[in-house]
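What follows is a group of structures, each given as structure tokens.
What follows is subunit A paired twice: with subunit B in the first complex and subunit C in the second.
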Partner chain A sequence: MGADQILQYLLSGITTGSVYAIVGIGFNIIYSSTGIINFAQGEFLMLGGMISVSLSHSMPLAAAIAAAVIMTGLIGVLLQRLFISWLKNPAVLRMIIITIGLSILVREASLHIWDEKVHALPFWTGSETSSLAVLGARISPQVLWVLGVSALMVGALTLFFRHTLTGKAMRACASNATAARLCGIRTSSLVTLSFFIAAAMGGLAGCVVSPLTQTQYDMGTSLAVKGFTCAVLGGLGNVTGAVAAGLLVGVLEAASISVLPLAYKDVVALAIMLCILFFRPEGLFGGRAAAPAGVR
Partner chain B sequence: MRRYAPVVLLAAAVIAAQLILSFLKLEFLLTQLTMSAYYTLVALGLCLLMGYAGQVSLGHAGFFAIGGYTTAVLSTAGAAALSFAPWLSLPAAVAATAVVALVIGVPVLRLRGHYLAMATLAFGFIVSRVILATAVFGQADGISDVPGIRLFAGLVLSGKRTLRVQNYYIAWALVTLGLLFAVNLIGSRVGRALRAIHGNEEAAAAMGIDVGRFKLAVFVLSAVYAGVGGACLVHFNAGIGPGEAGVMKSVRYLALVAAGGMGSPWGTVAVSAGLTFLSLRGAFGLYDDAVFGALLVGIMLFAPEGLFGLVARGRRT
Partner chain C sequence: MARRIVFLICLVLGATVSAEPIRIGAIFAVTGPAANLGLPESRTLQMLVDEANSSGGILGRKIELIVKDSQGNTEKAVSFAKQLVEESQVLAIIGPTTSGESMALKGYADQNEQILISCAAAATIVNPVAKWVFKTPQMDSFAAQAIFTTMKKLGISRIGVVVSNTGFGQGGKAQLEKLAPQNGLTVAITEVYDSTATDLTAVLAKVKAQNVQAVVNWSVEPAQSLVPKNMKQMGFDVPLFQSHGFGNIAFVTAAGKAADGIIFPAGRLLVADVLPASHPQKQVLSAYKKAYETKFLEDVSTFGGHAYDAFLILTEGIRKAGGTDKFKVRDAIEGLKGVVGTAGVFNFSPEDHNGLTMDSFEMLTVKNGQFALYP
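Presenting the complex of A and B:
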């Protein structure tokens, strides 16, 4: 394998990996504020892609994407308000089943609103044939969009959590909801906000990868599983950890193609996930003591 | 003897249903009832795991598919190896399911909550992707032309129209036996241990219960229920496709158990027999998967004890 080929795998791995990272961050945001793992997280990417494809027929691409992101965010809020907000201290199993049920309802609704076909947003710049040369490897300009948008999202999120009052309140709420409430933080609206952010981020990621990987109504589940892998590998609740883990999983998955047939690509990512859960459930960066509840 | 009331009731209902349908010349309905029996077997196994050991599994369609595909391969491509006794493919299928459950169960059951759910979901995904990627399993086409299997006493496991009544009874006899085994297990020392684990694992361990071993045993047992269902249905349907291993199937089993009331084997059997039959008859049309999704959400929001729990609560107030 030549150096340019390695670079090619690396770049394609980083591209898919950054999408997994976004899904993983979505898990983290909702998990931090509610303790819920939202199994419908992958569906937000599908919704973002689908809505923007539909809107792009009747408005400029940028406007369609912006509208799709906001609508996906609002759908996240709607799901939280309708199905989750009024449950008081639900059991973990109950929340798992409810969010799985929601993911199916979203998926089935999309199947009936759109169809079972594969849709794709037009390339943001250039077309599917245009490519850039990067150190000898050929990449689509869309790859740069994916990397740029992901980096921007992660950066914005970090700034938001570190430096804004709302972001700090969300962190307070995550570490101790009762104490946060005693300080006058309205935790319930922060939970809604966290669903909005997670859904909108998923929606934007769905838009940016749509030209490359296409959008189909049933793409959510495998994304959710892989995103969860990154969230766990990076340590649940750790945004930067999820990014590193996402890139790692993406690169490993891309490298597997050079060894195994393409059809086994998903198997590799999922096997990685099982191994991580079995051997390092506390994540790459956490100590044993940092292991969250649910792991012994 | 109250413990056995559901078993007797089920046996009576099975016989009554056949007599009534034959009398009304609606025997063609027995085909879907037979299929729903095998799916019910999977739900029953999952009910034991979720209701009594308190462990969730989102990968039971994977076990169903392992059972089904093992016997399918052994009776088509690998038929020559078993030509002396074709029925051996059934025990082989069940054994394969049990072995996979054992291997996967040891590490998986150390996890809890979200981790367990995701790990089992990933397991189901892996099984379905391996089937789709492997030539022996027919990839997207699945395996067809699986022959019937001659059992003992002239019984034949097959979907032939002339054998319809016989196969209906084979299928539901298996469910009845499964239910009998389940109620016996629940009423035994093992059942009490399982309920203790469900209530509080640490407390159960402190009482001297070997938590890990019990959880693993129930996990393997519930996978065996699924494997038996899968293996038998393949011969009845004369084929199997990759859809049987899909995540949506696993979620359906979960929905059936949730609606039947977790920890209520007879409730699971009743709900599963009814809903699976309706679904197989195409009663939900295009909204088949949506019905099961809505069922999951609705039950968990409003009646976490299941449909029958809702009835009981209504009667009390």
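Presenting the complex of A and C:
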């Protein structure tokens, strides 16, 4: 196998991996501020993609994406307000069932609002046929957009959670809601905010990956499974960890494709995840302190 | 006048002898990964049933259509089939949409003496022949042969094959691998990918490394739009052939510019406008295309055509049998000759439950985002 070919596999792995990572980030935002694992996260990507595709027919691409991100964020707020906010101390299992229910609701609603067809947002730069040469291998320029946007999201979120008062309050609220309330933090509005951020980021992710992966009403589930895998692998609540895990899974999948028949790629990725969970249950990069009180 | 009298007689007969409607079941993948096939099928069938009912029904009896959405899922298709047969007691089942589902129902239909007219492609659905199972789309073996004939003209001898992990993909893989040696072609590599895949660059890199002169992709899922995009993006510049599963313009739209130059076999429905008026299918194709596009405001696809043909064959069978005795209707369908449908001219026989020939395919290509005849 030549060097350029190895690079081609590596780049392909990074492309798929960055899509996984970007979904994993969404799981982490809600988890690190509420302790909820939101299985409707994949649907936010689908909504972002679908809304921006619809809007892109009547406005410039950038405006359509901005509008789609805000609308998806607001849908996240709506779902949280309608279905989650009135629950007092919900059990983890109950929350999982509720979010799975929400994902089905959003999916079926989208099937009726849009249709069953595959849609794709135009490429941000260039077109379907543009190709960039990177040291002998070739990739779509959109891959760079995906990588750039994920990097930006990670940077912004890390700054937000570590260095702003609101971000710190959100972490406090996840760590111990009662204590946070006693300190004068309005926990309910912080939970809503975390849903807004997670949904908006999901929406943005949906826009950036749409030219590559295409958008269909039922794309959310398979994305959510892979994204969740990465979130667990990287350590729940750890945004940087999710990105590293996403890229790792993507590259491992590509490596497995290069030597084994394609059908084994999920086996390889999941086997590695199982090993890590056996030997390092808190994830590759998760410290014990990062886990919220409820699940420690 | 004579027609009116016949109509009146039918009405009277209908009212007295057989007021019972004719019940027909349909199993389509209206949603799910094969929805680009199932939805046009379901819409077409409903449209045809409404038309037939508003013009007096078949043999003076109304048609009652029950459509079930299998989501392309084999288990669901089987349980819906049982429901349709045991609870709704339908005369015949039209569908399922996909080859995997159809194969799962083949044995069931035969054991229970239930007419099944599949809208899926795999040759194995009717080969070996099952007494009660028919199908309307062209065989995948014809599609593979049509592709190879074109390849030979282009001087291609070494190819790579990628297929999705569905019944349709596996069927195509089997036919391609079987027919390639007979055509003097070498299949250098065959890879099976997941039908919900969102990026196929890695697998295409593996194919590229085999120095192939062309790639064949065999699937009915959105992956049909991913393969051309990924190939162009990684600078893999060899001709791409796709199966007859590419016959929905939505796939072209999703692949954008990357779709240009794809070569694939398809029924003539997609090029109905450019067919000469003398062509035997011209009238059927234009009429169906116009009716569908006016009613649903979307481009017609070959898949809706398969449902059109299934309904046509079933109703011709019922008319010929002069009633709804399932044994007589089955025998009548097996004896139908020269029925002009959207996929071609059907000539059934006890040995041939598809009734089409190689001639039912035309090689098409994509030019500026539109389907066009391949030169």
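Keep this in mind: the second predicted complex is superposed on the first by the 263 of 296 C-alpha atoms of A that agree within 3 Å, B and C clash if a C-alpha of one lies under 4 Å from a C-alpha of the other, contacts with A are read in each partner's own complex, and residues count from 1 in each chain.
Keep this in mind: contacts are C-beta pairs under 8 Å (C-beta built on N, C-alpha and C of every residue); 3 or more make two chains touch, one makes a residue touch a chain.
Predicted model, so just to flag it, every value in this text is computed and none were measured.
J.: Return first, second, both or neither, reflecting whether A:192 touches subunit B, subunit C, both chains, or no partner chain.
T.: So A:192 meets neither subunit B nor subunit C here.
J.: Figure out whether A:52 sits in contact with subunit B (first) or subunit C (second), or with both, or with neither.
T.: A:52 contacts neither subunit B nor subunit C.
J.: Given the touch rule stated above, what does A:216 touch, subunit B (first), subunit C (second), both, or neither?
T.: In the superposition, A:216 contacts subunit C only.
J.: First (subunit B), second (subunit C), both or neither: which does A:116 touch?
T.: second
J.: Quick one: is A:28 in contact with subunit B, with subunit C, with both, or with neither? Answer first, second, both or neither.
T.: Neither partner.
J.: Looking at A:97, would you say it contacts subunit B, subunit C, both, or neither? Reply first, second, both or neither.
T.: It touches subunit B, and subunit C stays clear.
J.: Going by the contact rule set out at the top, does A:263 touch subunit B (first), subunit C (second), both, or neither?
T.: Both subunit B and subunit C are touched by A:263.
J.: Could you say whether A:281 touches subunit B, subunit C, both of them, or neither, answering first, second, both or neither?
T.: first
J.: Counting only touches as set out at the top, which of subunit B and subunit C does A:83 meet: first, second, both, neither?
T.: first
J.: Just which bits of subunit A does subunit B share with subunit C as contact spots?
T.: 222, 261, 263, 266
J.: Of all residues in subunit A, which touch subunit B in the complex?
T.: These residues of subunit A touch subunit B: 37, 39, 83, 87, 91-94, 96-98, 100-105, 107-109, 112, 221-222, 225, 228, 232, 261, 263-264, 266-267, 270-271, 273-274, 277-278, 281, 293-296.
J.: Quick check: in the complex, which residue numbers of subunit A touch subunit C?
T.: These residues of subunit A touch subunit C: 1, 5, 8-9, 11-13, 15-16, 19, 111, 115-120, 122-123, 127-131, 133, 137-140, 209, 212-214, 216, 218-219, 222-223, 253-254, 257-258, 261-263, 266.
J.: Considering only the defined contacts, which subunit B positions touch subunit A in the complex?
T.: The contact residues of subunit B facing subunit A are 50, 54, 56, 58, 107-108, 110-119, 121-123, 125-126, 129-130, 132-133, 247-248, 251, 254-255, 258, 286-287, 289-290, 292-297, 300-301, 304.
J.: Under the touch definition given earlier, write down the residues of subunit C that touch subunit A in their complex.
T.: Listed in rising order, the residues of subunit C that touch subunit A are 30-33, 35-36, 38-39, 165, 191-194, 196, 198-199, 201-203, 205-206, 208-209, 222, 225-226, 228-229, 232-235, 250-251, 254-259.
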